[in-house]
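In the two assemblies presented below, subunit A is common to both, partnered first by subunit B and then by subunit C.
Our next item is the complex of A and B:
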């Protein structure tokens, strides 16, 4: 490969990569998520960053910082706790990739210093390159399998990632060309002659015949002019030549345990590949694909190699809850940026069943996170897609703030801080909580327009009740209620209610009673249904084992769905 | 990644009512590893008062001042009654350890002694009972005093389940010096309906407590004790009660409200803490899908549902504490009464016509209320042939036949005493099989 082309493309790729990274990192200080961050200036955010870095490195929390570096970043303990198979896959990729980068791509800088007399053909490098490449490929396979299995188990939809498939294809291409390049070199007579010239000082086929015979029969070089059987003394001479000239600098090619079988398979084509100069163009493809990966790093999945460790270190060094608004502003933007879309949060999300019933993926943390970022960025509203914004709002306001996403996130994102901020942005953008709309009027005023057959229903809307697990209509789920009031007695929302205007109208046991009377629609506009904290105290305590909180959440989801179909003009006034 | 869990225990207690909790507690105190399956929600219907035995014979409605004298009479009149089959010394020990455990969890009881006490109820009647929480005992003492000293009952506007005026009116003849007064609960002046547990929790806050006491103090007058609905704290009732007595300068007592009540929540909380502290594994949202015994080893295999991913448990012994009808240990339909988990033979009236007397309020009670499992001397339910159904299956509490605990006022006594006696047998059986 010509040095000029190599350097030009390398520096161009590096320049694009750095520019892209700078743009993305600037987002951490540019993007504002949450109404409380709107007045924070850039200088305040940079000041908070400076103070944070100083405190992390020189303050009392330096131990936490290095603890996070070792346990969270290097050992990935959060991923280990959650998904051991994917943890193993991730570890294989990280180790394989880093070793390839240092020992292979940067061999001229790194490996030569560690291994005196380094040659790429020497043991163990021939074997190691194959090993590292295999680690990456197996790791990717494990990750994909773990992800597929988790999705199959939860039945949840994944975030759409157009760049992910392209990136995966690029990574696969780099790996495949790497293995092929190595295989081609093993099988190629041309490569043999080039190396023979270096080590024996001659490239004369006749003179080299004994050596060629040995390399053809024992090391997989595909000469097309060695068809006849070789005499034993020629072989012996060849082995002698091999010991003298080759063995000291060249490991057995079979130690390249992936490329060698490929080379054997390629043997019939070796002559044609040599004629086509495959050695050169495979190298070009391999190197240029690597440079393409470098240039596109800021927009592909590869970006998380930077963002995720930063997020883990920041959160490990100091808890988000203890930081200033200026710092939190940047940390929220970083959280949106550092998400790796692994979907582990979705699998633990309390309202994931509702996401399935409602068919609205924006209830799921991984989807909601992207929408939160898009809203702050302005893309969501600019897209002009009203239905999309409404789905985002529905998802955001059905969240119960249970905090399980935060506790499970392998990147340590403080999602529990992000969600209220995102809801604030939705309200500011004119997409207020449905609960506020409902609670502006008493339950009875809503009862009629939320009835399924009321004239205010738009035509052509599919029956919104059809997609529910029918707890609230299945009499078996609430008929055991004995109206003992335990649910009301343990309800923190009822306990908090201090005046009839602001307080709950129906207590939980009254909601259950309305269900028993077949008056479900009357509950849909009640404050209890919309104020319920879904804390599950009622459900935990119910002496009859009724799923009170699950029913409340279902009623709210049903109300939400009906609300979306009530024409704004026909809502009660 | 999440397979079905399999764990092994000495004892599996099925049921988490009074009998199940007592069995788990006593089994754990005997050093047996124990898993408990079932919701403790039934305990919410309890008042915190622990009956031992107040009425015998039921048909006569005769009240006993001494529960131990009542037990002796029971042993003569109803020798098949579960309480008649346990010696009184064991019953006394069982009660002492049960109450000591509750006290250790912050729910203190007055010393038990030999006598029943008389406690005011929220509708103004008097209940004869044995174990009385410390927060309620002053009322019993006042009622027991010959002179019935002047006392004050306080209730709260909006707490609809408790009327001091009604209690005073009901007792007007016996206790003329019992005054009543209604006050506003501080901070809830605008709330139309109040709920006991919320007030109980609010009173654990010192500021609310002080504002409440400031409203009570001017009403004291001659009163030598003050009664309140049972809302003096939830988990910290001892502290709240002590603060009330210190500030008011006279004994303070609670009167249990209608079930489900704050004392029920306290009792459930204390029992959950008690068994958890002794290492009992609880599966409080699970139920038993199937129970089978290995014919060779006698090991019980339980399959649970209501646990994420399901759970299989093996146990060397099983204690059935699933209760009667409301606990769903027994199921009644037109064909008769069945035991819900294993289909064990239920001792019951021969036909459905014989379930009830002609008069619903007949003081003798109904035959169906004496249905249940009959056991051998070691508390093992019998199969049809009269032999124990399984070597290491035991039954305790309300599921046992030949008792009408509601009318005899012996519910807690039945649960605690049979749990004590049966866990003693469990330990004997397991010790014997370990030795053998």
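Our next item is the complex of A and C:
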């Protein structure tokens, strides 16, 4: 590979990488998540960062900071506590990758200092390179298996990650070309002659025959003209030549426990690979793929190598809950960035069964996190998928804030701080909780904007809502109402609604009456239905045994289904 | 005596003292508590889909059944929701089969064996007032306590099976056992206001305020709760407002103190 091409592509990749990283890191100080961060200025956020760094390094929590560095970042104790197999995979990848980077990619800088007289073809480097590469490959396999097993066990959908798949393919390509390149060099007669010219001063096949015999039988070079048995004295001569010219730089490649078997397998093709200049283009592919990985680092999964440790260190330095809103503003943006999409939060999510049954992935933390970020930087609303925004809102407002996602997150993200902030952003974006959305318009306006539904009182017509709301669609469950007003009289919502803006529109008994009249749609957007406290006073006291509160809940569920799909042209805001 | 402990969502994240005091008191009284991989009881989904709410609840019931345990919960709303799910599953065969199908995807099933109980009836009826009375070492004599029952413990009574819904006595009896004096207050069976906190905050405040004023006017020093929603609502009203407020104490804390357990083990 020409030095000019190498350097040009390396520096170009580095420049793209640094520019991308700067842009993404700037997001930590640009993106605002939560209404409480909207008025925080950039200088306040940078000030909080500066104070945080000073406090972390020179304050009383310096021990926590370094504790986080060792236990959380290097040893990944949070992942260990949660998923031992994936922890092992992660550690294998980190160790294998770092060692490859330092001892192989940066060998000229690092390895030469550690091993005087370093040659990539000497022991133990042949073995080590294969070991490190194998660690990465096995680690990736363990991670994928762990994730697949967890998803199968929980039945939850994964976040769609096209970039992650592309990155995995690129990583696989780098590993594959690395092993192939080494295997090709072992087997290649052309590489043998090139080296022989350098160290023995000749590339004459006849003159080199003893050496070739040794290298063919013991070093795996695939000469196609050494078919006949070699005499013992020729071998002895070859070993002598090897000791004189080669042994100082070349160990037996059999210790390259992946590349050597590959080389043996490639032996029949060695001549054709040489003719095609395979060692040149394999090197190009290998090196350029590495540079592509470097250049795309800020937008691939590789980015977590920076963001996740930063998040762990920041959390180690000071708990999120104790930090100022200016610091939390940045930490929320960082959290969206630092998520590694491992899905461990989803597996522990308290409302995961609801997500599964409702088919709404936005109940799950990993999906909700992405939506929260997309809402904050405007992507969610710009994308124009009204249905998707509704699903995001449904997910956000069904979250019970149980905090399990936060307690299990291997990156230590304070997700419980993000969810209320995200809900605030949804309200500000015109996607409030269902009750607030309903209360923005009178019940009659809602009823008029609904597509007509087949009413339950039409004889012989199956009610499409019957399966979701068996009580409020069944005449027998409310027809006994005698309008005695007992339900209204015991209702705390009726009793405590004093001002006109909080007032109930329909009393519980009127809701029952509308059902009796077959005017169910009139109740769906009613304040009474959505303000009901579900205290069951009405149901307990009803002299006719009508399940008033259960019916109220059904009407809300029907409202959620129907009010989301209003007639075109009359869509309420 | 052994139960699966169902904490729900609110207690671990926002009221860990309730978990600590429940464990301390029940374990002190010889009740073994088992932690299972429970999920949300399903209550929030009652607004969205009856099926989804019952599926969530039934998954918990199925987990307990697989472990061969009955469920005890310190949360009144979880108690009501799980009991409601049992009722709905019993009365709607089509719902039952849809839910069974959803559970089967996880290799779970519920045949109806699991019983769900709230902490208070377990204390009063399973452990029993005599055993409780004998365990009291440090009676809280003279403390005037208002019992906050919580809606879903009492109503609908054919689901909850907790006590007489119009004139319950179980909470006052339990308070009396600790040596404290239960206060009679007119609004003791009313809603705490918490369910409306998100939907209609001013209305929720009105309801909570009315209860606090009533308890104070009736001479109570402490509002005793047995539900994280009620408890946090009264604590929240105290934090938000300059109006007169009332000290809150979880029943498990009151009992723990009376049994002489260290305050720290009760989250105090």
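The rule is short, and it goes like this: the second predicted complex is superposed on the first by the 434 of 573 C-alpha atoms of A that agree within 3 Å, B and C clash if a C-alpha of one lies under 4 Å from a C-alpha of the other, contacts with A are read in each partner's own complex, and residues count from 1 in each chain.
Keep this in mind: a residue touches a chain if its C-beta (ideal position, glycine included) is under 8 Å from a C-beta of that chain, and two chains touch if they have at least 3 such contacts.
Since the structure is predicted, the reported quantities are computational estimates derived from the model, not experimental observations.
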First (subunit B), second (subunit C), both or neither touched by A:69: neither
Partner chain(s) touched by A:16 [first = subunit B, second = subunit C, both, neither]: neither
Contacts of A:159 with subunit B and subunit C, given as first, second, both or neither: neither
Touched partner set for A:557, first subunit B, second subunit C, both or neither: second
First (subunit B), second (subunit C), both or neither touched by A:497: both
Partner chain(s) touched by A:306 [first = subunit B, second = subunit C, both, neither]: neither
Most subunit A residues touched (candidates subunit B, subunit C): C
Touching partner for A:435 - first (subunit B), second (subunit C), both, neither: second
First (subunit B), second (subunit C), both or neither touched by A:427: neither
First, second, both or neither for A:489, with subunit B first and subunit C second: first
On subunit A, positions contacted by subunit B and by subunit C: 497-499, 540
Touch list for subunit B against partner subunit A, complex: 1, 39, 41-42, 44-45, 187-188, 190-193, 195-198, 201-202, 259-260, 262, 265, 285
Complex contacts: residues of subunit A adjacent to subunit B: 83-85, 484-486, 488-490, 494-495, 497-500, 503, 507, 540-545
Touching residues on subunit A, where the partner in the complex is subunit C: 155, 349-354, 356-358, 394, 397-398, 400-404, 416, 433-436, 439, 467-470, 492-493, 496-499, 502, 530-531, 533-537, 539-540, 547, 549, 553-554, 556-557, 560
Subunit C - residues contacting subunit A, complex: 8-10, 12-14, 39-40, 42, 44-53, 55-56, 59, 92, 94-95, 102, 105-106, 151-152, 154-157, 165-166, 190-191, 193, 195-196, 198-200, 202-203, 206-207, 210
